[in-house]
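Some structures to go through are shown next.
Both of the next two complexes hold chain A, though its partner changes from chain B to chain C.
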Partner chain A sequence: MMKHKPKIVWLQAITCNGNTHSLLSANPSRFELLLNTFDFFYHPSITTEKTLDDVLNLKEIDFLLLEGAVTSNKQFYQISDSSVTDLLKKVSKKSKYIISVGSCASYGGIHAKFEENSDIKGLQDTLNIVELKKLKQPIINLTGCPVHPEWILQTLFTLKEFGVISLDMQSRPKDIYYGLAHHGCTRNEYFEWKVEAKSFGHKEGCLFYEEGCRGPMTHSNCNRILWNDVNTKTRAGMPCIGCTEFDFPRDNMLETKKNIGIPSEVPFGINKRAYLTITGVAKTFKIDRLNKKLIE
Partner chain B sequence: MSTKELKKNNIIENALKLFSTKGFYNTTIPDIAKAMKMSVGNMYNYFASKEELAKYAIKYSTNILAEQLRKINHMDISSKEKIFLFTKLYLENVKNSPEIIEYFLRVYLSNREVFAQGCEGFLCVSEFVTEVMIFLDEGASKGEFREQDFFSAFSMIMGCLGGFAFLSGEKVLDKDLLEYSDNIAENIYRALKSDDET
Partner chain C sequence: MKTLNIIERIEGEAKLVCTWKENKISDAQIQFLNFRGFEYILNNKPALDALIYTPRICGICGQAHLKATAEALENIYKSINEPLYITDKAKLLREIGLNIEIIDSHIKWFYIFIMPDIAKLSKEQKYLKYEALKGESWRKGTYAASESIKALAVFAGQWPHTSYMIPGGVMSDPTLFDIITMQNYMDQTLHFLEKELIGTDIEKYFSFDSELDLDTLNATLSDFKNLCFENDLHILGKSYNSHITLSDTSLFESGRIEVKNRLLVDLSLIDEKDINTFKINEQKKENEYTWAKTALYNNKPYETGPLSRALISNRKLIKNIHKTYGDSVFTRVMARMDELINLVFITKKLIKQIDLSQESYIPAKIDLKDIESATSISTVEAARGSLLHKVTIENAIIKDYDVITPSVWNLGPGIGDKFGIAQKAIIGADSIEKAHIILRSFDVCSVCTTH
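== the complex of A and B ==
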């Protein structure tokens, strides 16, 4: 357990600011707790007295958080005359924990698809972890576009209290990413009986078969820790677009890719043969309740 | 397989022959018992009713096809070759055990009321339908088949094969059934193939 108020330094590279916005819409009492528990030393979008030079002069940083994709090409992006890569190399050496906040920082995200600059990467592909002597854990990836504010808070508090957090194969905290976005979706019953949503934004039906929902193959807890404490995409009638996975963003995200009417991908870890047999059987039954409007 | 299951299958095989030649309603449990050289009372130890037997029989007969198609699906050959192989196996079934396909056409498809409870939709034929799905899905994902609705593709295959079994049952074909195999397979393939395939 860290006795002092741990220092957080948040840097931004190529980003839309989405993760910052997300953090600022955290539950207010949780956010207050964060500010009271940690020393939020630097954030480029939040007015503080600290400058980037103050960051560079620090001897030690407890938590280095990066939002946005990284490039070493100064023509495309630079901060105070230095490339993001150079800046990160300096700052990361002082850091005990490094956290990539969001899909862009984790693996380049949408920016990595920019063809004019082939040098856009995530943080873990930029830094050489062997050179980071102070680092206590591998670089942590908080994937998501954006990241849920609670995922940032949970990671910071866990590390402050316990010093380690267990990570999955993609270096994401297991406790946050072990389940699927599908778990806890209010449409699970429609999924089971293969009743499809007629379109976006309705309360009834599942968005898997036509609207491209990636809930059953996307690791996140969106439907268990709700957004703004009230809702999620899939509950509201918008398909999960799989923003926490490493193939995000994919093409045609609001369509289910099919081969001759058969979904080309089936829920995570389920044998396709078994899945097709069960759904074929489920479709045989017409359940009145699930084919009616929920609120007449 | 337990002895009870073996016996059950044996009863089904005999029942298939009777159902497919005499029809569902003209076949009685005593008829089947007689063919089995069993007492009527003992028959009921295996199947509670003629309807139950009919439902088991449809699963039994389509599972034979499902198993054949599953084996083909696992083979490392093109989808076109799979069609040719499956068509051949199917026609061999029609030739060697006509009761299986006849039962499907003349009992299952013709007496839907018998199967309304517990065998509706895909319930009793799901293993076979699943294999057709897997087959179409793989062909389309490899670009060998063009995109189309599942049911239009499904009925293309099964309509064609079923139609031929019917013609064979009616004894109107002038050549040996298997001589038509490659032509039928070619027709099915052309109906499914993608425009880029030759």
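== the complex of A and C ==
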């Protein structure tokens, strides 16, 4: 007997399709498991047999995933003649779970910076949760620009098996966002002993002091699950730009804002004065190993 | 008779309005109705933040935008006679990164976006393997794409949306083992191409000088060729046959071709027009029907992309196919696949050339903030064709940012009685399915077209 495969409907609003391409870059066997376990009913870029009309005719959707920011302004954005907001209002009522895939769907993200359209926002600010009678738990925000494919897979499989997941204050799964991008970074020892990166383009040194790295203030597990199975931005030498937080994108993302030579924001949960004291002490240790090239 | 169709699976959607005469399309209008306003978003932002913003113009060709931004900002230094020194290592890591992104894009485009449609033209059982999501070949295509992009993540940290290039070089500092890992992933990609796409080894493929050579093989390219010839796709899809490539790389040469003559490119003759384009905060005029603008060179439309690049840099197999079939769907798609094969081959060579003892990044002597006002241009070969960025900054703040994407060249509206490139190619098709395939043969990216 065929088991019921939960239906996934993926819609796109104001987006660059980065989350779709992140999903397509998932670990191939994980992606295959996803395709075999779920009924990938509709995705505007991937499926060929079903149309948006077929989606509108569905009675029930198990998982509604949205990629991209939402607007009611048809002058700038429409999906098959419908405004994004109208379409989502219709489809969300049929859905058991609603997942905002990416920072744009969660908060408006980079697209909300387009000020000429003053009505660009995230999904949770668009839908009235009281009207969503079928919904089994609050709208889930998978933030990130883009989302890591594993976050999509883990969220879908967990909901399928356990029916519910715990969310943080910003409606993000705690299992993903409990820690910081900093955890697992290969540059952590430089951070501990306050050894700054000399400049871009080196394996050595921490990118927090000069290059704007937000690893210690950004909730994400990038450095624990790795991107494309092999690496992360901070491991490679690019500072974390805090793309999983509500305030992404900020200004001057590649430099550290400072007051009299001291980073004006300090790692999450630490008193600033205490942090500066520790920094002062750590800097008195001149650890030779950390000031040398790793490979001579 | 007029018909209106919504076209999906083009990184967004478009509307195709066709006029029919005697069962053939006699006029076609391609409407892109969605606009995100990147050029507006970039205004008054810190210049270096553009390295974070522009890759997000497109989820599939972000590295092309990143390279264009990094080099446009480097050209700002050039414009004030203080050029930055970029090491060969950094230049190589940028070109390799971009190549890997194009490789990933071409594999996905072929197996996910065009083959399922072409295979559907036939009822033969053997083509079911190209069916979206379920088909064995479709799945192998996505598998190969996600494996090949790992070669980029090794030194760029991740894909999509990394900004590892910066004026002065690149942010990463790979080891010898990283280099060999990149080689390994490229070798796996090559193995996929030999086994699944071509059906023979690459040396034999490079000896091919006609599409007839494909007939001896049993792989995706021969299936593709048979399907094309059964459905007239070797005749359909012809446009002006004028081609342009704006920049040089290890594989491509800049230039343009018009009536068989190869000519040089002068960037100052490029113009972007918005006669048929919607305007922000203005009442819509009757002739305005799309957010796409029109890119012209010396007031004429030109096609850009893999076919143009293959012809301008004289790649034998495509040159010969083009001699017989012109700029048809078959030629255009073959050119993209031939480019894929050549890119994997050349990228392997480029990886080997990296001298790890060189610096990855050399900081500028002058702070961008100390440059009062300057304008510069950069050009990059992206998966879909030539990309141009033009930036004006004042004390490191962006005052104007103009992006002309490949899809603006290929998919922008025609002006007056002069059709746009894809518009002209669609005219003459005898079914809407074929019109879709013709449009798709340009590797349409809706988000890039309007940005």
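Remarks
Keep in mind that, in the parts below, the second predicted complex is superposed on the first by the 291 of 296 C-alpha atoms of A that agree within 3 Å, B and C clash if a C-alpha of one lies under 4 Å from a C-alpha of the other, contacts with A are read in each partner's own complex, and residues count from 1 in each chain.
The rule we apply is simple: a residue touches a chain if its C-beta (ideal position, glycine included) is under 8 Å from a C-beta of that chain, and two chains touch if they have at least 3 such contacts.
Being a predicted model, the structure only gives us computed values, none of them experimental.
In the overlay built on the shared chain, the residue A:Asn27 is in contact with chain C alone; chain B does not reach it. Shared-chain residue A:Gly280: touches chain B; no touch with chain C. Legend: residue contacts after superposition of the two complexes on their common chain; A:Ile110 is shown touching chain C, with no touch to chain B.
Partner contacting the larger number of chain A residues, of chain B and chain C: C. In the superposition on chain A, A:Pro267 makes contact with neither chain B nor chain C.
By the touch criterion defined above, A:Gly179 lies against neither chain B nor chain C after alignment on the C-alpha atoms of chain A.
Residue contacts after overlaying the shared chain place A:Asn259 against chain B, while chain C stays out of touching range.
No residue of chain A lies in contact with both chain B in one complex and chain C in the other. By the touch rule above, chain A contacts chain B in their complex via residues 258-262, 264, 272-273, 276-277, 280-281, 283-284. For chain A in complex with chain C, the residues that touch the partner chain are 12, 14-22, 24-28, 31-32, 35, 40, 44-49, 51, 75-80, 110-111, 113-117, 145-146, 199-203, 222, 227-238, 241, 243, 249, 251-255, 295.
Listing the residues of chain B that touch chain A in their complex gives 120-123, 126-127, 129-131, 133-134, 136-141, 145, 147-151, 153. For chain C in complex with chain A, the residues that touch the partner chain are 6, 8-9, 11-13, 33-38, 40-41, 45-46, 48-49, 51-53, 56-60, 62, 90, 104, 108, 112-113, 116-117, 120, 131-133, 139, 142-143, 145-147, 149-150, 152-164, 166, 168-173, 175, 181, 278, 280-281, 359-361, 363, 447.
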